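Both complexes below contain chain A, partnered by chain B and then by chain C.
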Partner chain A sequence: MANSFTITPALERLRATRVWKSIFRRGPALTNRTRSLAVFGNLFLHFLPVKVREKSLRVRASYYVGSISFLLFIVLTVTGVLLMFYYHPAVPQAYRDMKDLRFVVSNGVFLRNLHRLAAQLMVLAVFWHMFHVFYRGGYRPPHEFNWVVGVVLLLVTLFLSYTGYLLPWDQLAFWAITVGTNIISAMPLIGRRVRFVSLGGNLVGENALLRFYVLHCVVLPLIAIVLVAVHFWRVQKDGGLTVPEEDDGKGN
Partner chain B sequence: MSDGKQTSPEGPSDPRTKLVTTRREFLNEAAAAALGVAAIGSMVVTYGYLSPNVLFEPPTTFRAGNPDLYAPNSVTFLEEQQVYVVRTENGFYAVSAVCTHLGCVTQWKPEFGQIACPCHGSKFRPDGTKIEGPAPRPLPHFAISLTADGDLQVDKLETVNPGQALKA
Partner chain C sequence: MTEKEIKENKYEAGFSSDAKKEPVRVVFITKKTSAKVVGDPGPRVMTYPHLLIREAIAFMILVIALVGVALFWDAPLEQLANPLLTPNPAKAPWYFLGLQELLHYFPPLVAGIIIPTLVVIALVVVPYFNINIQGAPLWAGKPKRTLTIFLLVTGGLTVLLAIFRAWTVLVPTDLVALLMLASYHGPTERVGRAAGWWRRERTLPWWVMTWFIWVAVVLTVVGTFFRGPGWSWVWPWSSHAG
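So, the complex of A and B:
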């Protein structure tokens, strides 16, 4: 339609090619109908809405902290996979690999710090997201289920943070996990067994390092990916963001 | 069992309704029960798999050397074993160096005559009794004995009454 003047002619021609159409199953998204079909027909977009209310896109509607959490998760996945190419979850190699990443590997210190800082920011962003949703009443019907999914995602974020904390295998890591798993053993009846199985022994040793590594790199990220997908999908199915009616975007 | 939705041909008023279980219902319930048993069984098996049977951890019973190595009225920290060997006029006893709060290793501070935990500030006397801090319990005493060739031996799996001491 009239929007075509915003698209450069080259891109327009590209979108009309057979290759583009074979990948995206659509020609140029120039009408409301073809735009909708472009969203429906894309695996990565199909659980997002075709149209969004303007007020839920305002910064004050969400501060984008949920999206920022997701972006940080992507950053953590990419940097984490890159760190895995050098890291051995073994004693004492883990500590040496961490030191190598800081002082020997090209750009290693950058990737390691990006991973650490993004992890700390993600905990902050997820908490901010939770508080924001809570104070907006985003847990009320029909959002109750998605609120619960969000609380589980908060726990998964914290477990990811905690399991990652052991991996440098330095004094801070060792004592943090010693203290933390002793807190687990304070659970009534099953505490000591849960601690034994989490550590794979009675003290923080090589079994614990390997277990935390597997949890950190495989189990918890898979749980997070599934729950994030459910979370995003439910945001739209439950009718979008909770934006107060009186919030007209002009400030209160 | 049957909730009565699958009714017999005579309709819901038939008195046999509550007693009839169709073959389909029975097989569905049997299959669900079998799946439930399999799910619980796989959890039990996984728990067993994840609980190691052999551990490569430091031995819990160790020799602490000849008694003459320890001066009278002294507290000696054995770092490797995380145990204090205390010698008093009454004899020897072994006190755990692991804080009863959250498992940090405490330190003997001779200038204060106290055992102090660096993590959360618990303080203990050399006999393990608590002076202050978040620690809920005193430091436990471990069984201490003499080997046939005259060395001290400590068993960290066996805690003993704090009153006991090995006569020197």
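So, the complex of A and C:
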């Protein structure tokens, strides 16, 4: 394959400097040794394998939908933090902040659109990723624990999306959460108490807004980050992604 | 590749420096072990740069697409929340509308608690469910017996769903059942890859997951677009302000 990456001499000189080497602990990544170092010598990359199967890189192998779920999470974190600068989790100030985003804040609408859109897409992408992994047989040993982590991540994604749904404090938000949390009270024996704890009361009110805000912005993202790290790391530990079987003539 | 060659060729970092060597696997096949060997997963390439450059490109395409849509589509914002003014129908977010559709047919304990809990438990135990770990197709083994069990289960499910008048569950369920039936073949017949996707030799977990996805998609679409005041059936094209 005549595939090569040409690097400009300026960048090459930069990579040979002492400062560069002090940060990355290696020179230019031209050999397999330094390329391996580039991965496992980097905190943010070390949970990836040093080598990947060529088949799993093909776009049609996965449409990168697992990666896209993660990339959407990054987009959501960035836009979410920016939105937090303009948001008060209080009744009815939360709704006024939405109006401010529309009429006062520069690019406020754009910011909220990005966050909302990425959130819906992330739910879709995570579902698609799960179905895709299932059909590929990616849940079979030795991947079984990572599949379970993935199922928990799906639930965390749904909870993240659901808790965020209340924050605009409009009619859509209020009644969606009212309908959803009413289901909890159908739980035998402890239903009403669980609902009371999740809402901080018997109705969706300012306590519920505060609880959902804290869950949405602190608790659930932290859980997601930890589980995503485990999920990526386990892909490597379990021997890499499951490659498509289509090419082996099994057609499953 | 020697050290000197690498230095001379220092502006090129491509496949040329990738090690092509893969460990050779030697397998002893005794009488007791199966001769079935998992297919060769193929060659490997270095994560840096081959995977990382693709992730970066995926990220750029994603962000460009997101920005493109976010510039022209606006996130919905309705009136200030009013506990005294219930919209009809009050709908959950789209990914829970399948559940809300189920709630229309079944008691809250069943539709809201038991079914979702069972689905999550099923997803968690799938890899630990040791039956059929070799991935034998559904109709392999004793197809006649399998067919009897299949007909009994499908019939029972159809009657149960009909009693609850859960038509939006019944239709996709029976459609998938028909496809399963269409894929039926005798113990000796082999179905090649050229056959339609449903006729290929699918495993039972494959069919169960396919059934789950079809039901979930139908319920979500119906809940999102075909339900109006009092959860009555409406056509999306004849919809009013809602």
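The working rule: the second predicted complex is superposed on the first by the 239 of 252 C-alpha atoms of A that agree within 3 Å, B and C clash if a C-alpha of one lies under 4 Å from a C-alpha of the other, contacts with A are read in each partner's own complex, and residues count from 1 in each chain.
Just so we're on the same page, a contact is a pair of C-beta atoms (placed from the backbone, for glycine too) under 8 Å apart; a residue touches a chain by one contact, two chains touch by 3 or more.
Bear in mind the structure is a predicted one, so any value in this text is a computation, not a measurement.
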item: Partner chain(s) touched by A:V109 [first = chain B, second = chain C, both, neither]; value: second
item: Partner chain in contact with A:I68 - chain B first, chain C second, else both or neither; value: second
item: Touching partner for A:W169 - first (chain B), second (chain C), both, neither; value: second
item: Comparison of chain B and chain C by chain A residues contacted; value: C
item: Chain B versus chain C as contact partner of A:V197, first or second or both or neither; value: first
item: Which superposed partner A:N207 touches (first chain B, second chain C, both, neither); value: first
item: Partner chain in contact with A:I183 - chain B first, chain C second, else both or neither; value: both
item: Chain C-contacting residues of chain A that also contact chain B; value: 175, 178-179, 182-183, 203
item: Chain C-facing residues of chain A, complex; value: 1, 3-7, 9, 12, 28-32, 35-36, 38-39, 45, 48-55, 57, 64, 67-68, 71-72, 74-75, 91-92, 95, 98, 102, 109-110, 112-118, 120-121, 123, 127, 130-131, 134-135, 137, 139-141, 143-144, 147-148, 151, 155, 158, 161-162, 165, 168-176, 178-180, 182-184, 186-188, 191, 203-204, 240, 243, 245, 247-252
item: Contact footprint of chain B on chain A as seen in their complex; value: 175, 178-179, 181-183, 193, 196-197, 200-203, 205-207
item: Residues on chain B engaged by chain A in the complex (per definition of touch); value: 47, 50-52, 55-57, 101-104, 119
item: Touching residues on chain C, where the partner in the complex is chain A; value: 6, 10-19, 39-55, 58-59, 62-63, 66-67, 69-71, 73-83, 85-87, 90-96, 99-100, 103, 107-109, 112-113, 120, 123-124, 126-128, 133, 135, 193, 200-203, 205-206, 209, 213
